[in-house]
Structure formats: structure tokens, C-alpha cells
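Letters A, B, C and D mark the chains in the order given here, with residues in each chain numbered from 1 onward.
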């Protein structure tokens, strides 16, 4: 029999496996933070967590509500500021940026600014915040988002945060640091990465019980699909146990789905 | 200097460092008692139409008490520096105080969701906007703090965020590489909530400083609200701890729990229940009006607001939360 | 009868009168620092003293040996760093820079880098240190130096620190902040300032018993001399008392001449 | 980007931020015990020919012990970042260790006078030079710390200091005003003496930081000498105090009195008597050789040097001087 888990638990467990031990990760609140916390308690005890407001390597006593609240530097090694964080990313010391996303396109560009006309938007979202900075400056950007046609779109209403922009070479052309860019997109249906030749989105693996066609159907653009598509290993008992008992006992995040 | 690409939106403030120097040439350097009330400080330093920047991080170490006073004083047509703003922006939108915003992060309250009222304001098209990123807005303050007209960063490049900003893409005179040049900004007034200050404005902050050190050095007028006042000797005994020197400061206001309902590191946690009541109330404009009368317009002072929010008992609870005694 | 005083005491007392109360001054060690300390104990109790290494408004317990030693921030209001100091100057918050000088020319430009060929110098001096920064960024530069033909020269071997460069308008043309520049030069013979029309050096007053011709003779370039040249008021009893008893009891500075 | 004016001297280091990123991508982020001896650290991080920057302010909070070890290891052809350097530069000249210098302040010892030996070295023409100012050298480190290729300042303009530098005059893309653009510098190794560090390299500094926060972030390798080691818990209990986070640091060396004969704020004052003996000895090259044998080449360790300088009694005296007990 397989263990029961919900969509959010699945995404967090799967995503956490991509955070290597001994690396640095800049996270937002919510799922990305929970993911990094899980990774620390699993295979990456030496994963260094950074928060944009200035918190460095805290001993997180619980899930922070804000990327700036006091938990983000609780027993941290340093309580700094925004400039310290972003310049550390710009110097090349931060390996992963872990973002959420509203709209995303085939090159991993993200929209979190507006739906509709910029000057008179149908929906005004917060804007970049630190997302554009992290995705520009960190080496590898991971994105966690629900998989649907309304989110995976052919054309973004607004490119808030850079993925590979218009494809291979475009980041470098724009002046973004060479070697940086989107790494993995983790959704409730699949894990997606980017084909080297084109830097376009590709299915890396589909989650247990999810058909490739289902992923295609929920994506508003042409996905690259290899002949053999692997199945994502499901969350393990241990992952789920630690996630539920230690990372998010109040179910603030995993209770959402 | 050749400009490779230019953001389409206009700047709200002049990036000329010599105009700023003329202002700072006249600013007093004397150590005088700068204590005053919120009312007096709003009267003196926050006229209609001025450009405002607020310290802290949206709902962490924010000068809530002072922002309430800005609402009660019915200030209008303010410009706002929207870096990492959450509850502070929500408040200014509640008062319909602003007509132009430099945006890095607005409308949202992070994991708590989006502010319905702030959305109404921003989607009305009545507010002039210019797009940036959190770091870009820190870098603009930093350039001003350095007394120069621009700074360079590697964010924003290649995106609509740059296209809809006032940034300009330039090439490095050494490497030829492209950078986003962001213009210095000297806000008319910066409001920062700190842990301790003396009556002259020398300040201590515990925990993250966010962009407040840059803001204190960039703003033409700096208003400090402090959890508590300390004697000047408490500053001089350990000058390494001073993060804002008095000569940058124009007003000092002692406001215990001044960041409520926001978090004040090491002192009290945020009141999430009250913050979600805000989001709830905002859904219906009529109810929101009543809500604002009850909590802001209908109270004479911040103390009264604290009382209406649960008073000392609530503050004690938030102190225990912060101390991780109650979880 | 007039009070006895030496050359250094004379220069310090005279110079201290130019530092207004409630202003900010960036000082080097030695005579400039002694001068600022004297000013604080005389007419300018609210004079704010800044040191380039980061010391702000100390309660100087004694003469610092270095602009960075612990005395420079003893009970100060802040112990910062070089960038904090220099950016404070650049923002226009520092009224006076107080420098010493090796070679100086008619426009108040200073050489503290080399005598002779730059690449194989006869004498290598320290270089700018913070002098060029202070003289570029502070509003008014005061210089204290011994008056001799070898120091007041027609042409500097090296322009380390900007005065008015080649004359009126040259600073602005070079990109230096408008309204800044040399203010007074205090020597053992006279006080010199700069004529507005040309920004060239002019005798403001000669010290007691010093003839204008003596000043001319000790100056390697044409000085501007007005019809009536005032005499510098000599050091007062009080100035000398405070300087000797409170500012420099060990005669570290005033013992030099 | 149009360059209005160009300094004539060449840069000793490449200002390309992407080459620096490649280096920092590979630098370890793990919290590991980084303790080692001066000998091991010189062996590992200070090869002949590398480019060196030293923290502190010439004779205040300097890593004297480590510099002595560089001399004993007979390092040659080092590049040196001559910002605010006095006794540190005097030492490197005594060992004839350097062949190129970025100069803001060298040769001098402030009010103490000029170093005869450093003058001999610098007047020999054998050392490659490039002229700057103190702030320019801080700004170059700051640009590197920001991960960009240049910074802009308003110093140097119009002078021979700029003409004989590697700076370039550019025009602001917003105001058209002229600024001196100074190139980022990532020194191969930065050596900083601090009050406290843990075994991972998290550091506390008391008093002025001079340019050390910028240096710690710019240097490819950072070596920390500390007056005392503290437990990691002493760092985490007050993260606001941390000025250098461990992941910047490559080596941690505990050296009590490590800044002697320099001043260590709050701990001990400078030994002016010993520093003037240096200047005295330097006047005659032969005597100076004997002096160096006695104090550096002829001693096995820094402790032995301290003993030869008066040992504990002298240290006690300097502690009392610093505490203003004896004046």
C-alpha cells in the first residue's frame, strides 16, 4: 500500500530532494521555507538558509510568517539587512533561490506584477519583491507552483522575474550573470527542468499516477517531452513524518491543500 | 555616458546629489532635544504631497503609531517608497493618502494574502506607479546615502520590471558588461521604528536592519519612533552599537509597542489575529469604514488603539509568543 | 606686555577661531585635532569632530596618536568606518576638512605624494590618505602649514589633493561638488584666503610683528595683497592656558616648535 | 559607456565580477572548524606573488602576528593594497615582500613620521605603483563586495592622484555629472584581526570597522586572527553583533595581543616606544638587519616576540594605558 499525502506535502517532499547539503538557499515564506527546513532534517543538515530581509542561518524554531520576522534570525549566525543578502547573492555565494509563482512561461519567466493592462490592471499583484533579484543573482532558481493552464501560459502579461527570457543566451545578452537561471519547476503534477539546447521547459518526471498527457493538458504551451519519462519517487514515510511532526506541526502550509 | 536601455516610467524624485548637498548643508548638526509628539512631527515634517519612505519590513519593526497619525491628519497626495511594504502600505491605502508609488512589493501581506482595499486603490488607476525590485530600492537609497546620483546592480535586466521602471541599462567602463543603473533617491521624510534612542536621535536596533541604515542616511528628514528612550550615556558607553547617528534625525518619539500589530524583534510578535481581521474587514468597503473608525479615526491616541486591541493582556501574550514561551 | 607663545601655539589658536559652533569638522591627527579640541573648549562647544577611520563625536580624553586609535571614538556617539565617514562628507554633512600640507600652490592644491619624478621619486610621501577625499567632499578646507618658499611653490610636483585646481570654476568643471573648496590657510606668518574673482591665494591677515614683505618673500608665487592688510589678533591668555593645560598638557604638538 | 578621462596606471587585479562569481561558486559554505596556525595559513593561502589586503588601520587592530609569519616564510613579489597602512606596510617593506602597491597611504606612520626603510623601498623604483585615495580603495572593495565591476565616487577628480590611478571619469546617465569610476577589487587574500571569533569564522569587532566589512566580503580568501575564540553559541545569542559571517572565512587563528605593537580598541594601547625604536633602527640598514633578526627572523613565534618586547608586564602596561588608568 502507498502512503497517503496531499498535493502540498508531495510538492514539498519532492522539492526538498533538490537542495544539496552544504549549499546556500534564499527562501521565501510558506512552502519554500518548509521545503528547506525539511531538506535540513533529511539529507542536507548543512544547508544554509538565507532570508532576504537579513536573516542568516537561523535555528528556525517554527515556520516564519514573514521573510523578515524574528524567527528568520532566531539564533542565526548573523542578523543583517537587505543589501547584505542581495550582494551576497550577486557575489555568487548563493546556490539556490526558491520562489513561488503566479504565472510562468516556457522559459521559466515569472509574472507576479499584474494581470491585464499595466497601468489599469485587472489584478494588481505585489510585484517583484526580492524575486527578480534572487532569480537574477542566485545560481539556480527553483519554483514551486500549482500546475494549471491559467498559470503555465504561452505569454505572460508581465515579465516580473527573469527565467531564460527568450531562450538560450538571452540572460547573458541582457547582462545577467552567466551560468545562472531556472533549475527545476516543482508542481503538483510533475517536475520540470529546462532543455540545454533551447532552455525551454521539459518534463523531467511525472508524479505517481499522473499521465504525461495530463501534464500537457494543464500546460498552456508546448512542453518538451523525452521518449522515456520517469515517475517521481513518491514521498517516503520518513519525509512525511518529519514534515508533519517537525517542520509544520501546525499544518500552516501543508494544511492548505 | 551611453544608455543601452531606458525604463519607461518617470522618476518621482530628482537624483541630483548637489541639490541634496545644498539641503544637508543647512541641516542642523547640534545635539538638541528632538522629542515631540506624533501630531507635532506630522505637522512639521509630513505636508500633503511629500514623498515618504518607511523603515522596517512591512509588518516587522514598523512605525505603526506614526502612520496612524498620518491618517488621522488626513494627509493626501503623498508619494510612497514601496519597498517590502505590507501593513504599512495597507494603512496608507486605508487612508487614501498616496497618489504615487515606487513599487517593489505592495498590496500583499506575504503568506497572509493580498489586501482587498490596497488592490482597489492600485487597480483604480488613480495612483501613479513605477516598478522596481526590493534590492533596486535598497540600492537607490544606498546611492543617495553615498552622496552620488546612481548605483549599479545586476537585477531587473531583461524584464518588464526594468521596462516599467525608471532604471537605465549602462555598460561598465572597464568590462563593457551591462548593469542596471538605478537613480539615487532622497525621500522627503523617512520614518523608522527602533528599539532604543536617546533624545537627540542616536539609535540602537536589534536584529535585522533591512534597509533602514540606508534610509536614515538618504532621507532629508528622519523621524524616529522608539520603543524606549535611553540616556545619551547608554549610547556613548558602546558607540559600536549606534546604527543611526543623531545628526541625521529630526524628531524622536517614544512609543512602546509602536510596531504593533507588527512584530518587534526580541520584544513582541505580530498579532496575526488582528492582521487577519484587517483583511476580513477590507472585503466590504462599508464594514471597512466602520473598522477604520473603530481603530484609527475614532481613537485619540495609539495607546487607545492598543487598548481597543486587547491592551496590556494582549501585549503580554505577544511578548510571550516572541519569547517562544507560548507557541 | 604681550604673552609669550611659540609658532605652533600661534597657529593653533588662530586656526581654532575659524571653526564655528554647531558645525562638523573632519580632522587629521596632530595640530588639526588640537585645534578642533581648543575650539570646543572655547567658542564652539557644539563642534562635532569626525575622524576618517570611523570615530564620531568622541569625548577626547587626550590627543589621539592616530586618526584611527581608540581615543577617536572614546565615548563617541558612533564608532563607524571609512565608508560611513566619507559618504557623510559626500552627502554634504561635513562643514570643514582640516588638513596639514607638504607643498601648496596659489590655488590651494596640495602635494603629499612625491618630490621629483613620480615613478622614481626623490622623496616618496604617504600619498593622499583621506586628504583628497576630504578636500573634495567637505564644504570648506582649512590647511595649517609652515610658511616657506619650499612649501608655497609656483608649481606642485604632484597635485595630490584638490584646491581650486586651475582657478575659478575648475572644481565644478572637474566634477567636484559646487560650493566646496579651500577656505583658509593658516601659517606661522599669516592667514591666507582666496579671492572670489580668481580663487587665487590672498593675504587675509599677517601675524603680530610680521611684515607683508616677509610673507611675500617666503611665498614662491605671486600673492594677492589688499591695500589694507589687517594684523591677526594674537593668542589670548585664555586660549593659551586651555591649549597648554587641557588640550596638550604633554606638549606633543605644541612642543614641536 | 563613454569614458571622459582615464588614469594612466594599470590595474593589478581583474575587475570582472563573473570571474569572481566563478570563484565564489566553488567556495565552501559549510560550517567547519577552520582553526590553524599562522604557518599553516601562510603556507595554504599566501603564495609568492599573490595580492594581499590587510584590515585595521595601519597600527590599530592589525594582524601583526600573521604579517611576521609572512616575513619569516620569506614571501616575495606580493601585491599589496595600501589603504591606511602604516606599521603593516612598514613590516612588509622590512621583509622586502612586495613588488606592486595600490597606494592611498604608505611609507608614513601618521604623526610618528616616515619610515626610512619603506622610503628606500618605494624610492628605489622597484615597486610598481598605482595611486588612489583612502575612500577610493574602500569604494573598490565595496564594489567587489556588491558583486559589480565598479563603483562611483566624487573624490580624485581633477588631480594627479586620478591621473596616476587606474580610475576612469564617467558621466552620470541621469544628471550628466562627472564621477570617478573605480574598479572593483577582489584581493587574493584579506587578513583581518578581530576581538572575537568562533572556530568557523563568525566574528565580532568592537569599535571602528574601518574598511574591514568591505574587505571581508571582497577578498577571495579571508584569514581571521582573533584576540580570543568564543563558542558558536556566543555568536548565535546575539546575531546582530556578527560583522563577518563564517562562510567568508578560510582560516581562524587565535592570537592574544595579536595587534601589538598596534592598538587594540578596548583591550590595549599601541606601544609607541617600540614603534619609535623601529623608526630609529631603520635609519641604518645594518642596524635594521640586526633589529629584524632580534624581533622577527630570530624568533620562533609571536609569543616569543611579545616576550622580547617586555612580555606580560608590558602588555599589562598597555592595557592600563588603553583603559586610561595610566596616562
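In this text, a residue touches a chain if its C-beta (ideal position, glycine included) is under 8 Å from a C-beta of that chain, and two chains touch if they have at least 3 such contacts.
None of the values given here were measured: they were computed from a predicted structure.
S.K.: Which chain has its C-alpha centre farthest away from the C-alpha centre of chain B?
M.R.: The most distant chain relative to chain B turns out to be C.
S.K.: Out of C-D and A-D, which chain pair has the most contact pairs?
M.R.: C-D
S.K.: Based only on mean CA positions, could you tell me how far chain C sits from chain D in angstrom?
M.R.: Here chain C and chain D have centroids separated by 28 Å.
S.K.: Report the inter-centroid distance (CA atoms only) between chain A and chain C in whole Å.
M.R.: Taking the average C-alpha coordinate of chain A and of chain C, the gap between them is 58 Å.
S.K.: Express in whole angstrom the distance between the two chain centres, defined as the mean CA positions of chain A and chain D.
M.R.: Here chain A and chain D have centroids separated by 40 Å.
S.K.: Report the inter-centroid distance (CA atoms only) between chain B and chain D in whole Å.
M.R.: Result: the chain centres lie 37 Å from each other.
S.K.: When you check chain C against every other chain, which residues touch at least two of them?
M.R.: 73, 79-80, 90, 137, 177 - these are the residues of chain C that touch more than one other chain.
S.K.: Residue numbers in chain D touching 2 or more other chains?
M.R.: If we look for residues of chain D contacting two or more partner chains, we find 17-18, 146-148, 153-154, 177, 179, 206-207, 239-240.
S.K.: If we use the touch criterion from the header, which chain pairs count as touching?
M.R.: So, checking each combination of chains, I get A-B, A-D, B-C, B-D, C-D as the touching pairs.
S.K.: Show which residues of chain A lie in contact with chain B when the two form their complex.
M.R.: Chain A residues touching chain B: 28-30, 52-55, 61-62, 65-70, 72-74, 79-83, 86, 90, 109, 113, 118-133, 136-137, 158-162, 165, 170-171, 173-177, 252.
S.K.: Okay, in this complex, where on chain B does chain A touch?
M.R.: 56-60, 82, 84, 86, 103-108, 110-112, 114, 119, 122-123, 125, 129, 131-136, 138-139, 142, 153-161, 164, 169, 177-180, 206-214, 263, 265-266, 269-270, 272, 322, 324, 327
S.K.: Could you list, by residue number, the parts of chain B that touch chain C in their complex?
M.R.: On the chain B side, the touching residues are 17-18, 20-25, 27-31, 144-148, 200, 202, 217, 232, 235-237, 239-240, 242, 245-247.
S.K.: In the complex formed with chain B, which residues of chain D make contact?
M.R.: Checking each residue of chain D against chain B gives 1-3, 11, 15-18, 146-150, 152-154, 168, 170-175, 177, 179, 181, 183, 205-207, 239-240.
S.K.: Please give the residue numbers of chain C that touch chain B in the complex, ascending.
M.R.: Against chain B, chain C makes touches at 22-24, 46, 48, 56-57, 59, 73, 75-80, 87-93, 95, 137, 139, 177-179.
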